[in-house]
Every structure is written in C-alpha cells, then in structure tokens.
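Take a look at the structure below.
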Amino acid sequence: MTLNNLIQSSNVLFLLLGAIMIFAMHAGFAFLEVGSVRRKNQINALVKILTDWAVSTVVYFLIGFPISYGISFIKPANQLMATDMGFSLVRFFFLLTFAACIPAIISGGIAERAKFWPQVIAGAIFAGVLYPFFESLIWGQNSAVFQSFIKSIGGAEFSDYAGSVVVHSFGGWLALPAILILGARKGRYSKTESHPIPISNVPFLALGSWILAVGWFGFNVMSAQNLGDISGLVAINSLFAMVGGIIVALIISKNDPVFIHNGALAGLVAVCAGSNLYHPLAAFIVGGIASIIFVKGFTIETEVFKVDDVLGVFVLHGLVGSWGGIASGIFTHKIFGGMGGLSFISQLLGTVSAIVVALAGGFLVYFLIDKTIGFRMSASEEELGSDLSTHSLEAYPEESLGVVNSLDSYKENSLNVV
Amino acid sequence: MTLNNLIQSSNVLFLLLGAIMIFAMHAGFAFLEVGSVRRKNQINALVKILTDWAVSTVVYFLIGFPISYGISFIKPANQLMATDMGFSLVRFFFLLTFAACIPAIISGGIAERAKFWPQVIAGAIFAGVLYPFFESLIWGQNSAVFQSFIKSIGGAEFSDYAGSVVVHSFGGWLALPAILILGARKGRYSKTESHPIPISNVPFLALGSWILAVGWFGFNVMSAQNLGDISGLVAINSLFAMVGGIIVALIISKNDPVFIHNGALAGLVAVCAGSNLYHPLAAFIVGGIASIIFVKGFTIETEVFKVDDVLGVFVLHGLVGSWGGIASGIFTHKIFGGMGGLSFISQLLGTVSAIVVALAGGFLVYFLIDKTIGFRMSASEEELGSDLSTHSLEAYPEESLGVVNSLDSYKENSLNVV
Amino acid sequence: MTLNNLIQSSNVLFLLLGAIMIFAMHAGFAFLEVGSVRRKNQINALVKILTDWAVSTVVYFLIGFPISYGISFIKPANQLMATDMGFSLVRFFFLLTFAACIPAIISGGIAERAKFWPQVIAGAIFAGVLYPFFESLIWGQNSAVFQSFIKSIGGAEFSDYAGSVVVHSFGGWLALPAILILGARKGRYSKTESHPIPISNVPFLALGSWILAVGWFGFNVMSAQNLGDISGLVAINSLFAMVGGIIVALIISKNDPVFIHNGALAGLVAVCAGSNLYHPLAAFIVGGIASIIFVKGFTIETEVFKVDDVLGVFVLHGLVGSWGGIASGIFTHKIFGGMGGLSFISQLLGTVSAIVVALAGGFLVYFLIDKTIGFRMSASEEELGSDLSTHSLEAYPEESLGVVNSLDSYKENSLNVV
C-alpha cells in the first residue's frame, strides 16, 4: 500500500466515523423528545425521528446533494467507487447527517399536536430543497457568488465551520413558524395563565442529551472533512463551550436538570461556527452566554410570549445558533486569544441571511400545509395522544390494559365527547 | 515511524473500532429484548446477553477460532504480539463479535420461557463448534474446498461480505427448532385464538434498535478487515438498505413503531451479503423487500402457524438473512447498477447450505438438551417470571414490595398452585 | 500530505477517539447510579455526574494539568496549534477524562444523602489538585524522582498502563472517608439489623454498565497515547478480564444481575494496570478474582462492617483497583504467559502509595467540608429525596402530581415533622 492509498483510506474512515457519530445523534434527538413529552406521545417522538431520517436520506440523495454540490450519484456503482474508495459517497453520508438535523430539530418544537405525515412532508421539503439551497450558498456550488457578495460588504467571507448557522439556526428558525401556526397544546395556556405541562421522563431526556453531546464531537471535529485538516483545537473548544453551557445553566437555573442537560447542548450549538478559531476559554464564555440565552429565552418565549415550543428548539437552535454565528465574529478575535481572521459584519450578514431564508421558507411551507392537508391533530387525537391515534400503540403496552382495551375505552369516551 | 508501521497500526485501530462497535451492538440485542418482553423477564434478557457474550468469548477463543481459521492463541504473550502489534488478536475479537451474535439472535426467539443454563449451553455449542464449522467453509480454513465445490456448480464462489447468511441467517435458522421445541408461552394461544402478549417498553425496544443500527456500520464497513480495503460504498449501501427497511415498514405496518424499528434492522440484515456490490438504490430495494418479508412473515409465523417467536428472530434473521444471500445474487448485477460478478446459483447454494447446517444442528442440540436437562421453565417459574425465578430480583425492585416479599407471596401462592 | 503529516493527524484522531469514548463513559457512571438509587434520587445522580465533569474540566485545565505535566494552555490559540495540530490539547482532553473519573467514582458511594455543592467542591479539589499531584508522581513531571525511588527498592518502576491504581484505586479509596463521614442512609441499618434499600431500575443500571464497558476499550487501548504504540493485546486482555469478571460473578452470586453487570466492571478495573503485559487467559483469571473481591467484599463491607457504600465503589474501584496494581506484579510474569518485566515489590509500593495519599487527602478534605459547610443533607431533605430538595423536580414529573403539588404536600407534611 502506498502513502497515497493510506491517505485515501484514512480519509474515508475519518469522515465515516463522523457520519456514524452524527447518525447516532439522531437517537439523541429522539430520546430528548421522549423524555420531554408526555407518555402518550413518546412513540411518536421515536417514529418521527426515524422516519425523518429515512426520508431525508432519500430526498437529499436524489435532490438535495445535487442542489448543494452539483454531484449526482445516479451512475453505476463501479463509477461511484472508481477513484476515491467511495470517499464522495461517505461525504454525502456525512453531509446528510447535517441535513437530517433540520426535521429532527423542528420535531421537538411541534411535539404533541402536529400531525404525522404533514410534518414528514415539511421535513422532506426542507432536507431536500430549502436547506440544500442555503447550504449551496455557504458551503456548496453557489458559495463563490454568495461569499464574494458577503466579502464585498464585510471584508471577509462568512465562516461557519460546523453549522451553528447553516444547520442549527436554520432549523430553529424554521421551527418558529411551525410552532406559531400550530398553536399551543391544549391546556398549556388559559386566557390569563400559563400551565406548564409536566414532562414524562428525566432519565430519557438526559440520555438524549448525552447521546447528542458525545456525537457532537464527530459533528465538529469531522467537519474538517479530511484527516489532514483535523484540529485538536476544534475538539477542545467544543468541550469548553459545552462545559460553559453546563455550569452557567446550573447556576442561573438553580440546579434544574432540564436546563442543565439542555445547557450542554446550547454551548455546543453556539460553538460550531467558530470552533476552529476560539481560544478554549473564549469558547467557555460563548457557551456560557448560550446557556443564558437558552434559559432566559425559553422562559420569555413560553411565559411572556406564550409560544408553546415544547423542547425550546427555537431558542436552543434558532437563537443560540444565531448567537454562535455572531459570537464567532467577536470572540475569535486575537484580543480574546483566538486565531482571528473573521469579520463581525460578515458573520452578522451570514447569520441574518439564514434567518431570512428559514423564516420565509418556513412560513410558506407550513402555511400551505396547514391550509391544504392540515397540520394540527384533531382535539380528540391530541387528547388521546399521538401514540394511540397515529401509531395504535402505547409506549408501555403492558402497563395499560393493552391496545385494544385502550382503543375501546377511547371510542366509548369519544362518543360522549363528539 | 515508517509507512509500514503506520499501516500496521492503522489496521489494528480500524479492525478494533469495528470490534468495539459490534460489541456495543450486544447492548442493542439486550435492550431490544428488554423492551419486547414483559417486565417480569427484563432482567433475564439482560443477563442472557451478557452471559452469552462471556461464554462465547471463552469457547470461540479456545475452540471456535482454531476450528474456523486454524490459529491458536495458546502461546506466550510476546509471541502473540511479535510481528503484527496484535492484529491477529484484534481479528479474533472482531470475528468473535460475529460468533457471539448467534446466541444473541436466538435469545429473542426463546424469551420468557427458556431455562437459563440450557440456553447458555446451547449458545456455547453453537459459538464454539457449529458456527465455526460453517464459518470455516465460507470464510475460513476449509473455504478453498467448499467454495471450489460451489464454484463448480454455480460458476462463482459464494460471496457473503458481512454475514447476512453466515451470521444472521445461520442464527435465525438455529432459533427455529429452539422455538418449536419450547412451544409457545403460556397464554399466547388458546385452541382457536391468538392472544398477543403486550410488550413492556417501546422506548427500550427503540433504544436497542438504535444501538444495533449504529453499530451495524462497524459490522459491515470493518468487514473489509484492512483499512486499505475500506469501501465507502459498503457504508452507503448499509444506509440505504436500512432506510428502505424503515420506509417500507412504516407504510405497510401503518405506522407501527415495533415494525418500523425492526424494519431498519431487517434492511441491515439483508444488505450485509452484497453490501460491497450494490448500487445504493438497489440496496434500498433489497432493504425494502426485507421489511415486507419481516412484517408479513412475522404475522404469518405467529398468527397462521402459531409459532411463538417472541421477537420474530426466525423471520428477521433467518428468512431475511436468507433473502440477503439470495438478493445479492440478483441485485448486485450490473443491470441494477451494481458491481456484478456474483452467481445467483452460487448465492442460492451458499444460502441453502447455511439453512441445512443450522436446522440439522439446531434440532439435534435442542432435542438433546430438552430430553436431558430440560429446556423449558416450569409452569410456576414462567408464571412468576424468569427475573424472580432465575435471578431472584425484579427489574424495578423499588416499585414492588421488594424481593423478599415478592418471593414470600410467590411461595404462598405457589403452595396453592402445586 | 507527507508521511509525517499523516502520522501527526492520525495521532490526533487516535487519542481523540479515546477521549470521546471515555467522555461517553461518564454517561455510564450516571446511569449506573440512576439505576442503583431510589427514584427520588435519580435526577441528582444525573446532575452530579454532568456537573462534576464540567467542574473537573475547568480545574484540571487551569490547575491540574499544569501540576501533573507542567504544561499551561494560557497562551494564544495559534500557539496552541502551532506545531502539533492540537495534539497536546487532545492529550489534555484524554487525561481529563481520567481525572474526571475521580468525582464520578466517589458519587456512587455517597449517593442519596450527600449535599450537592459540598460534593462538587470536594470533586474540584481532587480533580484539580490531589489527583494531579499523585498523577505527577506516577506518569507526570515528578515521575522521574518518585519512580527512581520505587525502582531503588523494588528493582523496577511502578507500572500502571491504564490506571487501575492511579485512577480507580485512587478514586475508590477517596470515597471511603466520604462514606464513613456521611454515615449510612436513613433506614439502611437498625441497631442490630441490615435493611437493604431496594434499587429502582435494573435496566438503567445495566445500560450504565454497558456504556462503561464499551468506552473502557478507549480507556485502555488509547492509553498508548500514540497510534504507533497501539497494542491489540491491550484490547484482548481488557476483553478477557471483563469476561472473567462476568462469569465468576454469575456463578458466585447465583445469577444476580447487579453483581453480574458490576462484575464486568470489576474485571475491567483490575486489568488496566497490566493490560499491556498479560496473556489473555491470565487476564481472565485477574478479572475473575476481581469479581470475587467485589461480590464478597461488597457483602462484607455492607453487611459485616455496615458501611453504606451505595454502589460499592470502595470495593469496585478501591479494593479491586488495588488488586489490579498488585495482580500486575504477579500475573504478567512469564510463567503465566505474560510479557514479564514488572516487580511485585514495586507494584505493591505504587499501590500502597495511592492508598496512603487518597486516604489522607480524602479524610482531610471531607472532614473539613463536614465541619464547615456540612456534607450531609438534613433528615427532611433526605426523606424528600435530593431530586425535589436540590433540583425541585422529580425524575418522572408526569407520573406524580407535578412539582408544585409535591412541594406543597411536602411542606405541609414537613410542618408536622419540624
């Protein structure tokens, strides 16, 4: 084996490890939601994430990746493997794991009252078309044009190393119109009061957070895409932003386990964009501020504005992702010990452009879905829970009287209701 | 460090990562069963998988690996490490993870009524002798003879890149005699009717499925066994077969979470054999058909034939594994965009040979066990559950009155029963 | 890319994979404790582990690593990345995962009655100062002096390849004074009798054990710290010690799931020190004896001495870790098929030195904490559970009447109590 063979093989392995780690993160999305919803909607969380993953794979392969990078895989297998041991296929897999985050992020915001298939369709449109369009502007085949436009204003290209903006902010801002169009869960707010709905399972929520946190090191480190560009600094900055997020959430939430486990994720969302450029202690601060944004922002969102964002995804991914895009324009500066080279204006422009595209696209798609096939479950389906109404099974069948009986009693009760 | 040193080190790391990932899959087997059985048999699922792993390690090391590959490790440690940095040891570890799948596959079929030690003994015989014998014919020291026999008939060797046939089908067909000899769980069928027994925990079932799906990329990709032979196509085909399995299961089961999470696994079982040769879209079809076989086959097995295969392992691993062996003789053809080179007849022959060896060996072993030490728990043990009867503990001790009280009340009740 | 670039990149990846795997182990610590405590203390287990991780990261970065290795990271990011692609940063991450095990080990011993912040402070002192001090003697900047002292007595340096003594034994012996100073949980012992407190959740306990076992291969294999020093023998010895631990625990505990899942860990704790030098079958014996020590030791500790070590961490990490240090002085000998080269006297000396430092430091720190800010929760907090008293939330909020109601009813009841 020659050195070049070894380099090629190692690159395939390197990027594949990243893809596998981020694929595993989708289990994290699933369990974070399982723990954060009521027991009657746990199965729906699991099936949504798995289905969105599967559908994203197909649409991103056939439509999305060609939009983003101008590369089609509709050619014989021996041509796919001809020169690079399948590296381009693995690069598709790696970038798919990013695209598939979009519906996974949205899922947590629309939980417990969105219809199953409409949310699958919206996710397919985003992973197959809208996200790839924005991806093409920042990282893909249209980046030369868009980045030179940004550079002409801000003096540097917009830099988003591992997707604070392209992935997280984009997904979070897409979730906002979905949440607003759906409206709050039944019983969440009365005219004057807020009635938080108790979550079901903190250990599952924590398991989801852990799976996400572990996989995130693949998200950020393997964004190098070539082993020769690996950076230990990316790993350590991810670590410190996560730790900053944990510690700040711990203090300001007064030991609340939900905020602490999400605080780790807030730090990680924020650090992606500049993870290759911060000093570790600056990353700590960026992650800490991310946690403040999440804890305070979630409270304001749900209690002041009465927006029923079940897992707080608009704040966690949308606002904190935007913070990550902007923060990298500040805290990567050499006066904070960073590598420097970014423009605050350019970072701001790139961040705002994601918000504009996501908000516009999100409102359009969810509005059309809502007006045509309908986006929200019926009142009785919501009352019954999406597990029984959509999946005909409860999460813990043995504990109840079983599917049939539950359905029977539901039918009896619903007769009275209707 | 020279290039050759680096190649050797990288190979050790590459294959070890595969071994670790597949070791982790055994936790997936455990949780898939934990979620699919009743609460009174959850501990037994966990202990069976861990014990089978441990016993498989010992017997495959001492007996099995020498049978398969003619290599013994009964020599001083410095000789084991002399020339290859321990690569041959890691290769043992990697191939052990395959062998140990045999009892792990069977476990799910015989759940909730098989005695603990008899199933351990059967697993030891399979992992230590029967599986290595078959492995030696296809991949090991006797493959020259057997493969040239197959080639003389079919025109090509039998190809099973990552074990659809050698591992999954072999394990699944071994499970069938075990399930038949045991008979159905008490209460599962009356003379005329079928009474499905509610499963305990869908989130744990889903966790098991996720762990298996993630680790599967190690199963298939690291089957290259050398970093220099890594193939991105193997990874992407695994992905697409899994996704095909998910989507088809979703549609034909009408959103059933159990079928969807097992559908992902059906796709992965089927793709192993030809994962290095399919076009991704052909892999999608192979995985989709695998899900049809699983969903329909499980219903026919349990409802028409009234075979109480608790997790459906005969269908999921046996039939779908056989499908994987045969499908690779069809869908790897160049007209489906594949790499070509396989013979349908040879794939059929190899697949059938696994069925013959597994069925014959399985009936013999389980028949002898049943007639000597007995295979099935007593009626009262089954009623109590294997957790209390075999492990003297319940899965959630705090929730019950505690071990002692439960055992006491059990003894009081059983006095009346006996 | 030159060969040297590839070697450097591969080293960063290799050590980073180890760091990520051990980071994941901390989720294992968390779930092992979640399953082993009562439901009212599950959240506390989760938050303790995450908080201890975060605090350990900060103190080990600022204080600990400089103490151990004389390297400071308080310099601009471009200097941190200047020559090694961030390898030194990743080495910090890897060694941090060891340091952070110290509070994670202790956590399981002091569960269900230790105050939150005092245990955080003690963990910070250990991860930031005491552990780095001992680490510096064995592996770090003061090892030349200390190891030559040991060599002058025992004839060889003290060898601890992956931390049986430096990490596990040190953590376990630190836990002993904490457990003794705290005293037993309310209701655990009456004057004459022992009343074991039922654990809450065996599947979560098993999940924790699995996560730990899988990550352990990173712990041991990546202790090579350079890809060029990778050893397949280390992996296989870890496997065999784990398997020895499982099988022996299974037999002597008569199928007890708690002992079996902890037995795997006992084998892994014991093997670390000599994992690069044993023959696999000798590692099996070392792991098997580790399980005997754990099963018998835990029973003696809790039933004879009435020391309420909730997860048995003093035995599992302290005694078994010490056994690992000593065993490597015996079973790595060439007469047991090992690589040889260690001195029994030196291994004994190194092992005893860890005990002395840990016991002295542990008593001092916990005594001072207990006498100043207090270490133990109030009786009513303990009765209520640390989840509600410290984190204002229950692990399964939906199942109870919700946080507010529980707190209200608690306050009503506690009025009567106080």
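For clarity, chains are labelled A, B and C in written order, and residue numbers in each chain start from 1.
As a working rule, contacts are C-beta pairs under 8 Å (C-beta built on N, C-alpha and C of every residue); 3 or more make two chains touch, one makes a residue touch a chain.
Just so it is clear, the model here is predicted, and its values are computed rather than measured.
**Student:** Give the rotation angle, in degrees and rounded to the nearest 5, that superposes the C-alpha atoms of chain B onto those of its identical copy chain C.
**Tutor:** The best-fit rotation has an angle of 120 degrees.
**Student:** Can you check whether chain A and chain B touch via the same residue numbers (shared by over half) or via different ones?
**Tutor:** different
**Student:** Calculate how many whole Å lie between the centre of chain A and the centre of chain B, each centre taken as the average of the chain's C-alpha atoms.
**Tutor:** Between these chains, centre-to-centre, one finds 33 Å.
**Student:** Two-or-more-chain contact residues of chain A, please, as numbers and ranges.
**Tutor:** If we look for residues of chain A contacting two or more partner chains, we find 3, 6, 10, 17, 207.
**Student:** Note which residues of chain B are touching chain A in the complex, please.
**Tutor:** Those in contact with chain A are residues 3, 6-7, 10, 14, 17, 38-39, 198-203, 206-207, 210-211, 213-214, 217-218, 221, 227-228, 230-236, 239-240, 242-243, 246-247, 250, 254-258, 260-261, 264, 277-280, 284, 334, 337-339.
**Student:** Touching chain C in the complex: which residues of chain B?
**Tutor:** It is residues 1, 3, 5-6, 9-10, 12-13, 16-17, 19-20, 23-24, 27, 30-31, 34, 42-43, 46-47, 50-51, 53-55, 57-58, 61, 73-78, 80-81, 84-90, 92-93, 116, 201, 204, 207, 390-400, 402-403 of chain B that touch chain C.
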